[in-house]
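There are two complexes below, and they share subunit A, which is joined by subunit B in the first and by subunit C in the second.
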Partner chain A sequence: MIRRLETDVVVLGAGPAGLAAACSAMEAGARVVVVEREERTGGILKQCIHDGFGLLRYGRQLSGPEYALRDADRFGSLGGRAMLEAFVTSASRLEAGGFELACVDRGGAFLLRSAALVLATGCRERTDRQVFVHGDRPAGVFTAGLAQYMINVQGLLPGRRAVILGSGDIGLIMARRMTLEGMEVIGAYEAKPEPSGLSRNLRQCLDDYGIPLALSSTVTAVHGGRRVEGVTTARVDGAMRPIPGTERDLSCDTLVLSVGLIPENELAKSLGVPLDPRTRGPRVDQNMHTLVDGVFACGNAVHVNDLADYVSESGERAGSSAAAYALAGPGSPSRVRRLSPLSAGPGCLYVVPQLLDLAALADVARADDVCLYFRSSSTMASGAVARLAAGDAPGAGGATLLERRYRALRPPEMERIKAPAGSLAVGPARPAEPGPGASLIVEPIEPEDR
Partner chain B sequence: MLVIPRKQAVESPSSSDEEPIRSEAVSRPDASRLVGRLGASLRSRFGDSVEASVDRGSIRLEGEAPSYDDKVSAGWLAARYGFKGVVNDIRAPGEADERLEPRGAADSSLDGSYYDVAIVGGGVIGAAIARELTRWDLSILLLEKESDVAAHTSSRNDGMIHDGFAAKPGSKKAAYNVRGNRLWEPLCRELGLDFKRPGSLVLFRTAAAAALYPAMAARARRNGVDGWEFWSRARVAAEEPNVTADQRGAFFLPSAGVLSPYRATVALAENAAMNGARVALGACVLGMELDGGSITALRTNKGSVRAGVVVNAAGNWADVVAGMAGDRFFSLHQRRGTDMILDAETASAQRHILGMPRLLQLHSKTKGGGLVLTVEGNVLVGPTATESPGREDYATKPEELDRLTRHLRLNTALSMAQGITYFSGVRPCTYEEDFIVERSERVTNLVHAAGIQSPGLASAPAIAQDVAAMVVEAAGRFRRVAPRAGWRAGRAAPPEPRRLGIEARDALIAGNPAYGRVVCRCEEVSEGEIVDAIRSIVPATDLDAIKRRTRAGMGRCHGGFCTPRVMELVARETGLPAWAVTKKGPGSELCVGPTKAGPRRSRGDAAARGDASGGAS
Partner chain C sequence: MSERKELTCIECPRGCRLTVEVDGGRATVSGNACPKGAVWGAQEAVAPMRTLTTTVAVEGSARKRLPVRSDGTIPLARLLDAMEAIDPVVVRPPVRRGDVVASDLLGLGVDLVATDDLLGEDR
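Showing the complex of A and B:
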């Protein structure tokens, strides 16, 4: 007999987003099942033995495993249980509402039904071939996360002499980690004219160890047929194309890639959840509710965050919202959303949420502060103003709903605005998008304006 | 590989040049006259730097060419003179000094052994021959220098089972392709392999191209192709909804099929092994001992092996292996092809194999590539075709991808952003651009299956039948050969839980919980499947081998998540330390050793498992 389980909320993934969602859903009174494909909870934090986690959430610097342990302790104290080494093979929406997931674990296949679903599936790393590194396919080419897992979890040394392509945070952290393990890190190469990682990581992981970072430079080819023997680097032009004549061959046995992360949304796609082409994650409202009723999403599955604290924050919101949705039951008026678009205006790379549920905002009992997460589309070194304007058209000159000033903005550093619900009164509640909505506009402040 | 690309980097001078100058075997008085003419022709192109001579029935070219393309052109030119073969010893810039070398350390595991048949090369041809030969009560040894079968050309192609239309009428390619196409489907059934016949649409770019339909039909008829049809523009659009609007109908070839070329090779080798053949992996032939016109023994890195009959199925090294037997009557040149694999989400975007030859010339050597459906569903873009030195040079180049983007426009639903990875393969080509499937004229107990370029995969079962017959005939000279008792045509394919219904999957897991632990998330591959591959009768012990068998690491994250888990399974099953696990055999170790803190405790250790899973069972 196939096992059948039924619950209020199913959370997919037990990393920081999923555990936060599970805890907040349980605290809201919902029955929760967490499905995790690995043998332990904690997600990618398990391999992040460096510190820097928890400053916002706990007011102190924790390592990844320490941060994960706090989530696990809270989850455990609430009586939560994760189904470990369990894998969702397919998901479907039920006619009568709710969802059915087909899953497997070591005990067999089983069916899991719930009223609400929280996708906390994280992200994956872009690979060498996706950034068009050429050559054969020798051993010794690793994504930064894979190298991190090998060193920190498996205790295996991936090579002796490494080149890093990309300046994403994991790559920077791995530059330091590999150096500490006695590897020689020749340098990091970033195709963009500016680094992709956080400033603190550039200082603490490269500068402190004398590892050079070459900007507007990339790795074009890997040499070696069996194990990496070297790479070719080249400078790139404004369109990120290699400039002929600038090639340089470097001898190394390892190439570590930190060239971007892609939200994992295969399950979301199979459920028909619309994605935002900029974030590559589901479009969500302020309650992390996707455009498919009952499907919530949080953490790096929605957009790639640079701080685990924000991942947890979005998980908390997704979990409590999913619980409220599940417990309200079919036909409840609180399930009726009135969605209005919130779009990324000029100067804004993206903004999450992409939608505002005006019904929830108008409901005094439910209205809560709204977290807006955004990145600027370019570096604004001398300061910037982020302005939420009514109206959806780019460059809309609608009324300013709120405004925040920044000393500087860089695309790698995500910003978060916590806006009181009342400040987002974007006009009369409309039935659905497209509506007049709002857009987030980010404008640089010229030095003389400061 | 919709149509078989012959040469692309080097344009042939004109179509009349393609015709052979001599089509029958060259007689002795003719030979010197023809060499004289060839010499004059070569001098007009290369000056005095290239010379031709006749060497035991073959043309031998020597000297220096300004480029590899020129060297190949000289070979093609010589091939038109109707000699036994072309031995092209011209040196060209960019050619590396390549040697047939073993990958790992030597041992004596084969030393002193005897086999009725020794097959050199564990690609699809060698594996198919081995399997075919197990129908007979012969002792069979399959020698493969890599750590797995299908490590080279047999895993570096698009898996297309061509219809046979593109092959030159009257060629061995045409005959073997059409026969092989018919054989693959029942063979796949026996071996538990997927086979699909989506059919191939050769799209017409212009009305003028469409007008060539009668000529195309005539060629298909001459080659014995199993069916063809003219499809109007509207029909193409209806049956292939995402097709480019820029088409004027198509030549439809319903017999074109697809399979997994590496899985097929593995299945053939496994079935051969089940029927008693010995598959020696990591066994490289280094030389041969001859006595009175026969091979007596093969020198390998695993010792000396005596053999009754030797089969040369050495792929891109077949000319070198022929040379070891003193029978180097041909040379191979290398035509590299690059393919790009698109994400599995493209599976629903296309129904047929699509191609649109740039200029539809029936006798052109410049044909196309296109969009091939893989048997798993993903669309594969390619291949390119570039003459390029390097028998095992699989380094891709940026310009090859630029060429591939051209094909993408045939399907409006596809984009380069869906690319997961791209790879190159090398086609072993003779200068006659045809297969060599024959008993050696000089060595009594040697059979060649050489120059098996595209459509070699499609042709493999037919080639194997003929080679097996030649081997049986040769073996008949020293022993009586009878059918093997208890021969089993079938192979129980290892289970693939992702393809089972929920009840069957549950039952499978109940029998072995490892089938319930998903290791590769993108392709949904379980621990049980990986262990099956490692424990196979032809064991997969490196990551690439496991990837080919199970698809673990083949998906969109390309091994980012499952690599450590697969390494741990290999380490557990083989007893190797995890850092010594390789990507593709010796010399491709994934790690160099432990970190300062040393390797972690093995999985399953209660303390290691419990530390961060608060509350979890």
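Showing the complex of A and C:
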């Protein structure tokens, strides 16, 4: 007979988001089942052996595995156990409320029922097919995360002489890692006019080793039979089209791609969870509750974060909210939300959350500081002001709810605003009529204004 | 004769742009948002130091590599030498995070420590 399990909260994924969610849900008194596809918890942190994690959460620089161990320790001390090498094949909403997941693990198939679901499924790397690299399809083209897995987990060297396409953080980290392991890294090519990675990684991963970064440049073709023998690079124009006559052939046996990450939301889509086209993750309220009641999401599944610390923070929130939802039971007044839109206004690439639950904000027992995560849509090197304005029309002229000033903003560097619940009183709104909402507007400060 | 250097601080993700004036043995740092940046900038301008993170080989486990780090900083210019010195290191389970897997790297007084647990039950 098929195994059946029932619990309050199911968490999908045991990376930093999932374990934080599981721990906070358990601390809130919920029964939790964590489903993890791999054989160990920790998610991508297992292969991120470099340090720089945990400065915000733990006040010190930890390596990825060290950060993951802290999550695992806390989870273990709460009596948590993840179902490992287990994955969900399909998910459905039950008519009576709650969810049923069809799962498979080493013991075979099983059905898992819960009142609430936390999606902590992380993100995936964009591949060469998705960035239109043309030419042959020889061995030797790897995403940065795959190269990282090969070197750090499997102990395999991807090649001898590498070109990196893109300047995302993992690509920069891998430029250093491959160099330390004895590979020659010829250079990194970024199609955009500005680097995608954090400034400190440009410094400590490229500059430290004399690896050049070519901006407004890309790889247009891959050459080789069984193995990569070289690539063609070219400069690109403002529309990212290769400029004829600027092609250069480089000899290499490895092409590493660091061209972006996409939140993983196949399961969310199958449950009908609406996504934000800007983040490619579910639209969530400040409690990480998606637009499908009972489905919560956190971490890189919601938007691609720069820092694991923020991933954990969103997991904490999703877990405690999911526990409260599950324990409240069907028909509880605390389950009724009054959602109001929070939109990305001019100068703002995106903002998470995309919705504010005014009912939770108004409830003294539940109202808590709200974390807003955003990126600017362009580099504002001489300073910037982020202003949350009432009303969601573009260029909203509504009242300023809160304002933060920055010395500089760059799209690759995510910012976080911790807003007191009282500052977000954008009311009145009913579920059917979402109300005026608010929008986050980001404006540069010109040097002469300082 | 003073020298002026523009540096990007690596102490945290903020990545402050530092200006360091080196005059004789004295370094004056500006542009830092916190005290760590001042300390880092002054050191960086005269002798860059880095924490090394890498892996060592594993025997007696289904896992192939164990992540490790130097438990202090070592000169940037010696990182590749340190990698050579670490190359022959092999560990067997059990190893716990923080255990020293190689001591006194290159005679620099810095140990190499495990940053993950490698226990017997790992398949």
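Simple rule for what comes next: the second predicted complex is superposed on the first by the 446 of 450 C-alpha atoms of A that agree within 3 Å, B and C clash if a C-alpha of one lies under 4 Å from a C-alpha of the other, contacts with A are read in each partner's own complex, and residues count from 1 in each chain.
The rule is simple: a contact is a pair of C-beta atoms (placed from the backbone, for glycine too) under 8 Å apart; a residue touches a chain by one contact, two chains touch by 3 or more.
What you see is a predicted model; the values in this text were computed from it and never measured.
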First, second, both or neither for A:84, with subunit B first and subunit C second: first
First (subunit B), second (subunit C), both or neither touched by A:39: both
First (subunit B), second (subunit C), both or neither touched by A:132: first
First (subunit B), second (subunit C), both or neither touched by A:69: both
Contacts of A:181 with subunit B and subunit C, given as first, second, both or neither: both
Partner chain in contact with A:153 - subunit B first, subunit C second, else both or neither: both
A:60 touches, of subunit B and subunit C: first, second, both or neither? neither
Contacts of A:52 with subunit B and subunit C, given as first, second, both or neither: second
More subunit A residues in contact [subunit B versus subunit C]: B
Partner chain(s) touched by A:203 [first = subunit B, second = subunit C, both, neither]: second
Overlapping contact positions on subunit A, where the subunit C interface meets the subunit B interface: 39-40, 46, 65, 69, 151, 153-155, 181-182
Residues of subunit C that touch subunit A when the two form their complex: 7-13, 15, 17, 33, 48, 50-55, 57, 63-65, 67, 69, 76, 79-80, 83, 97, 115-117, 122-123
Contact footprint of subunit B on subunit A as seen in their complex: 2, 14, 36-37, 39-42, 46, 65, 68-69, 71-73, 75-77, 79-82, 84-85, 87, 89, 102, 104-111, 124-125, 127, 129-130, 132, 134-140, 143, 145-146, 149-151, 153-160, 181-182, 220-221, 223, 225-227, 253, 269
Touching residues on subunit A, where the partner in the complex is subunit C: 39-40, 46, 49-52, 55, 61, 63-66, 69, 151-155, 180-182, 198-200, 202-204, 208, 306-307, 407, 413
Subunit B residues touching subunit A - in the complex, by the definition given at the top: 103, 345, 392-398, 401, 419-424, 497-498, 502-503, 505-506, 509-510, 513-514, 516-518, 521, 524, 526, 556-561, 563-564, 567-568, 578-579, 582-585, 587-600, 603, 609-617
